[in-house]
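Presented below are the structures under discussion, each in the form of structure tokens.
Next come two complexes, and both contain chain A; in the first it sits with chain B, in the second with chain C.
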Partner chain A sequence: MEKTIIVCLMLFLPAFAMVISLTVQKRNNEARGHGHGIGHRHGSWMAIDYFAFSSKLRRWNATFKLAFTLVIIFLCIGLNNAFVSAVIIVSMFYMVVAVGGLSTRDYISVLSIPIAFILISVIAIIVDFSKLPVGDFRIFIGFGYLYSSISMLFNGLRLMLKIIAAVSALQFMILTTPPSEVILVIRKMHVPNKFADLMNMIYRYIFILLDAFSKMKDAAEARLGYRDFKTFCRTFGGTAGNVLVLSLKKAEAYYDAMESRCYDGELLFLEEEKKISLRTIISATLFIFYLLLIWFFTK
Partner chain B sequence: MKNSILKVENLQYIYGNGKMALDDVSVEIYEGERIAVLGANGSGKSTFFLNLNGVYTPSHGRITYRGKTLEKKNLTELRKNIGIVFQDADNQIIASSVMAEVSFGPMNLRLTKEEVLKRVNEALIYMSLKGFEERPPHYLSGGEKKRVSIADIIAMKSEVMIFDEPTASLDPANALMLEEVMQKLGNENKTLIISTHDVDFTYRWAQRVIVFCNGKIIADGTPLDIFKNKEVLKQSNLKQPAMLQVYEMLVEKGLLKDTKEYPKSTEEFNELLDIMKNN
Partner chain C sequence: MSKKQKAILTISAIIALAFGIVPGAGAMHIMEGYLPPTYCIAWGAICLPFLAMGWFSIKKTLDKNKKSITMLAIAGAYVFVLSSLKIPSVTGSCSHMTGTGLGAILFGASSVSILGLIVLIFQAILLAHGGLTTLGANTFSMAVAGPFVAICIYKLCQKLKVSKAVSVFLAAAIGDLFTYCVTSMQLALAYPSAEGGVMASAIKFLAVFAPTQLPLAIVEGILTVLIIMGLETYAKSELTEIGFIKVV
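Entry: the complex of A and B
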């Protein structure tokens, strides 16, 4: 009986998330007027970056957060237990929203992007096709049956929870750690320096080029550049081409500026690691034990 | 006697496309000078600065820093002592936090971590950027970005600081802030070279004016000499500073005695009027 209630609640959670995120998206679209595809992506990218920057959990040590996230993801996949997954989903939500200070709406809005993909793929797992009337539920579609069974549904549910839990754990890191700190950790993990340098430059460049693009887009829009599909294509092509030329020019200007500050092939920055408090480590360890305990009692 | 810091002799620079950007430029820069570089867009100011800093290698000519001729092997030494604040801060800021950005120069000088930290802190306090350490550059306003780009160079403790059109695209409040920083740096006996289109600022602030036109230096002298030289002004499309015009008009109309004490700012002009009233 209890299991059924929990399962019902579990089922309810993603549906709830979908409904909320849809309303959020609708509201955003209304606020933004008619948004073109790229405009929306632009907004959401910036939003995620901003959430990480403004999270209260940013004070935490990035290496610790990364390690914690990885352990959680491994546990989630390794234990393969619906209850563990459910606890992870709820606690990650709690960490980011209650401790980190992100609004529930924003959290679910960000989570809704992977959830949409997860739901679509889960459908392919819980529904199968057969010429014979098998399974617990089925629909006749002329030449055969689309069917499903209780065990398939449970399987799908467990899988879905597992994926959402892993994604939440990842999201915990993404929404609380600015990319520059993640790059710092990657550098410390002895990944070749060139990669870390590249990541740094790319991260900085994304904003510069997005900015340039949105300015050009606005300027084109002010001159009716997007009035119909044909003009849209032409304008978009022109803008994209200009952004390419601009990026080359900027690269040159950048290089000059770097050279004038004695750059000689290695991007060196002073970045200070944040301290880890003993309390955080203990709580994290306790949490991991708690997950193992749940797994032990429900396996 | 003033000590020479930089000596540029017969500098010539030709771009890859064959366009001559600098043509036989010779100039000597002394310790603690406040120099304004004037000239139309594309007259070679920025190219000149990048040559001074060793980013561009001159096609012809020689640059001497404190008696040492600039070569490949002492390039770092030159760049350490000549800092450029670029016109567009977005072309200069490369790191993803203010702290990391300001530390880039000192880190490249291979200083110890403590020294870097000390310099970064000093530079941030100097530009009143305390509390911005963790901020990514894309969440800074235009004025804040400019301040970061200046802090970049302050942290390197360069002897000569070059500002390439620092007031471009700044609002009045930030332009005022910038002028205060210039005054402060000037008082600390730093050698400052600023390219600008603002003749009033030049007149108030500079000790020496260099005018570029089509890759050549067409005039080099005190602000007063330059702005009274109609020929130079016409050739380089410059206006006379408002203060100078007003003063000359008053003298011409006989309202003011020509004392040759030119007021450079509205405050000085006010004092002049007070003296006149009391007489």
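Entry: the complex of A and C
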């Protein structure tokens, strides 16, 4: 098993090194105003929406993309194989960045969002507690031992690889498919129409509310409203309450606006027809078989 | 070492542990790929009755008044926006509110389950928090268990004639803590410890997440109280309109 992991890491490391070098190179080239490293950036929550709309893979059929993503994720967690995970990570990166045209830096910055959760939860898996001095590494903490062993570390590494692979597969969908298209797919899955309508409206209102929030925040910030923790709490509470009141007041106006445009209980949007080419289906099937083959030969 | 010195040492150690090493983690969404397939399906199935209940409640509201759909949508969007805003945690790093406690207090626990599900889907596809296969588990901890406990505590406090600020604080903070406990349980069930089984594993998960989640729960409680107070000052009429407890 150890050997597998090592081979797997070898597979994975060159790709990672390439990514890092690309990122560094790009940052050096661009030298933007105030450099944010890999990680959280201003308005990263909006960024995913923006990336999805500007991806070249947007013209692919959304149902196909969602189905493909789900199959890949289930293969990834079902097969639980380090090789499969590594291949998924590399190929999803290739799809989104090389084919979809997203910059490497943006891809990594989105991928690093869940990193905090992954690291913390893996700690809980690779460290265990015992009254007896067992395991390969241990620390005495007064009433027992915190210990870890090589096999536990490898387990943690495998789990981490699996999570990153599953997250990459999810990213393949979210970075190439705008939410409105995802909602259309959900609508086709025979969930109640009202549910899809509610999703559509919530998606639209999110941006209205965020806009209101950021305006109020700027106004408050200019008046030292976020000076320290105490003022922050007061300002935040006031702003949040105010946004809710304003938008509830507008709710009726929104409804009237919809009704005056012939809304009669169902929201219908024009759907771009996106055909799936036979080539795409065949290559997706081949890819899935490839993953299964890898699993078969390395299990 | 005297007894007093020992006590000081223990307390300072706890403070150091709680506030020392905190990366900027948000509310506890279980990431995509963390749970084995059987758990994904099981948690999804457990959520179904709650979601059905929520759906019927929303449907009743909509049948009674068609116009309330925009109100519900705004409530959902509001919970999402609140959960996407960065708030400073005590350590200086940033984290996010869950917002579901406030949602439950304002709009009622049953409709929050459906709104919470939608919010979680959007958090997965717009923010990359959480995931599609872990949607069931996340829905149970954040959209069902947390709000349900929050509303119970809120009602209990009202019965006991506790002041509004205190009851809102307790409801939001304990709802948040309960979400954190449920998530730790979910993680522990999927990855039991080799020696102590599920319980030992649950304690481990509770311990590693405590530094991020405990301060967050307190901050969330404070902010929720301030939001409710702001609402009460400026929007008495709107609050009576949404019934404060139930939407429209």
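Structure notes:
In this text, the second predicted complex is superposed on the first by the 254 of 299 C-alpha atoms of A that agree within 3 Å, B and C clash if a C-alpha of one lies under 4 Å from a C-alpha of the other, contacts with A are read in each partner's own complex, and residues count from 1 in each chain.
The rule we apply is simple: a contact is a pair of C-beta atoms (placed from the backbone, for glycine too) under 8 Å apart; a residue touches a chain by one contact, two chains touch by 3 or more.
Worth saying up front: this structure is predicted, and the values here are computed from it rather than measured.
Upon superposition of the two complexes on chain A, no clash is found between chain B and chain C, which fit side by side.
Contact with neither chain B nor chain C is seen for A:139 once the two complexes are overlaid on the shared chain.
By the touch criterion stated above, A:150 is placed in contact with neither chain B nor chain C. When both complexes are overlaid on chain A, the residue A:254 reaches chain B and chain C alike.
In the superposed model, A:76 makes contact with chain C only, not with chain B. When the two structures are aligned on the shared chain, A:203 is found in touch with chain B and with chain C. Which of chain B and chain C touches more residues of chain A: that partner is C. Of the two partner chains placed by superposition, A:281 touches none, neither chain B nor chain C. Of the two partner chains placed by superposition, only chain B is touched by A:53; chain C is not. In the overlay built on the shared chain, the residue A:179 is in contact with chain B and with chain C. Superposition on the common chain places the nearest Cα atoms of chain B and chain C 11 Å from each other.
Touching of chain A by both chain B and chain C, each in its own complex, is seen for residues 49, 179, 201, 203, 208, 250, 254, 258.
Against chain A, the residues of chain B that register as touching in their complex are 50, 53-55, 76, 79-80, 83-84, 86, 88, 90-97, 99-101, 103-109, 113, 116-117, 120, 134-139, 152-153, 156. For chain A in complex with chain B, the touching residues are 49-50, 53, 58, 178-180, 183, 200-201, 203-204, 207-208, 211, 250, 253-254, 256-264, 267-272. Per the touch definition, chain C reaches chain A in the complex via residues 23-25, 28-37, 40, 55, 58-59, 62, 66-67, 69-74, 76-78, 80-82, 84-85, 87-88, 90, 94, 106, 114-115, 118-119, 121-122, 124-129, 131-133, 187, 191, 193-196, 200-201, 204-205, 207-209, 212, 219, 222-223, 225-231, 234-235, 238, 241-242. Against chain C, in their complex, chain A makes its touches with residues 40, 45, 48-49, 69-70, 73-74, 76-78, 80, 110, 113-114, 116-121, 123-125, 127-130, 152, 159, 162-167, 169-171, 173-174, 177, 179, 182, 192, 194-195, 197-199, 201-203, 205-206, 208-210, 213, 229, 232-234, 236-238, 240-245, 247-252, 254-255, 258, 265.
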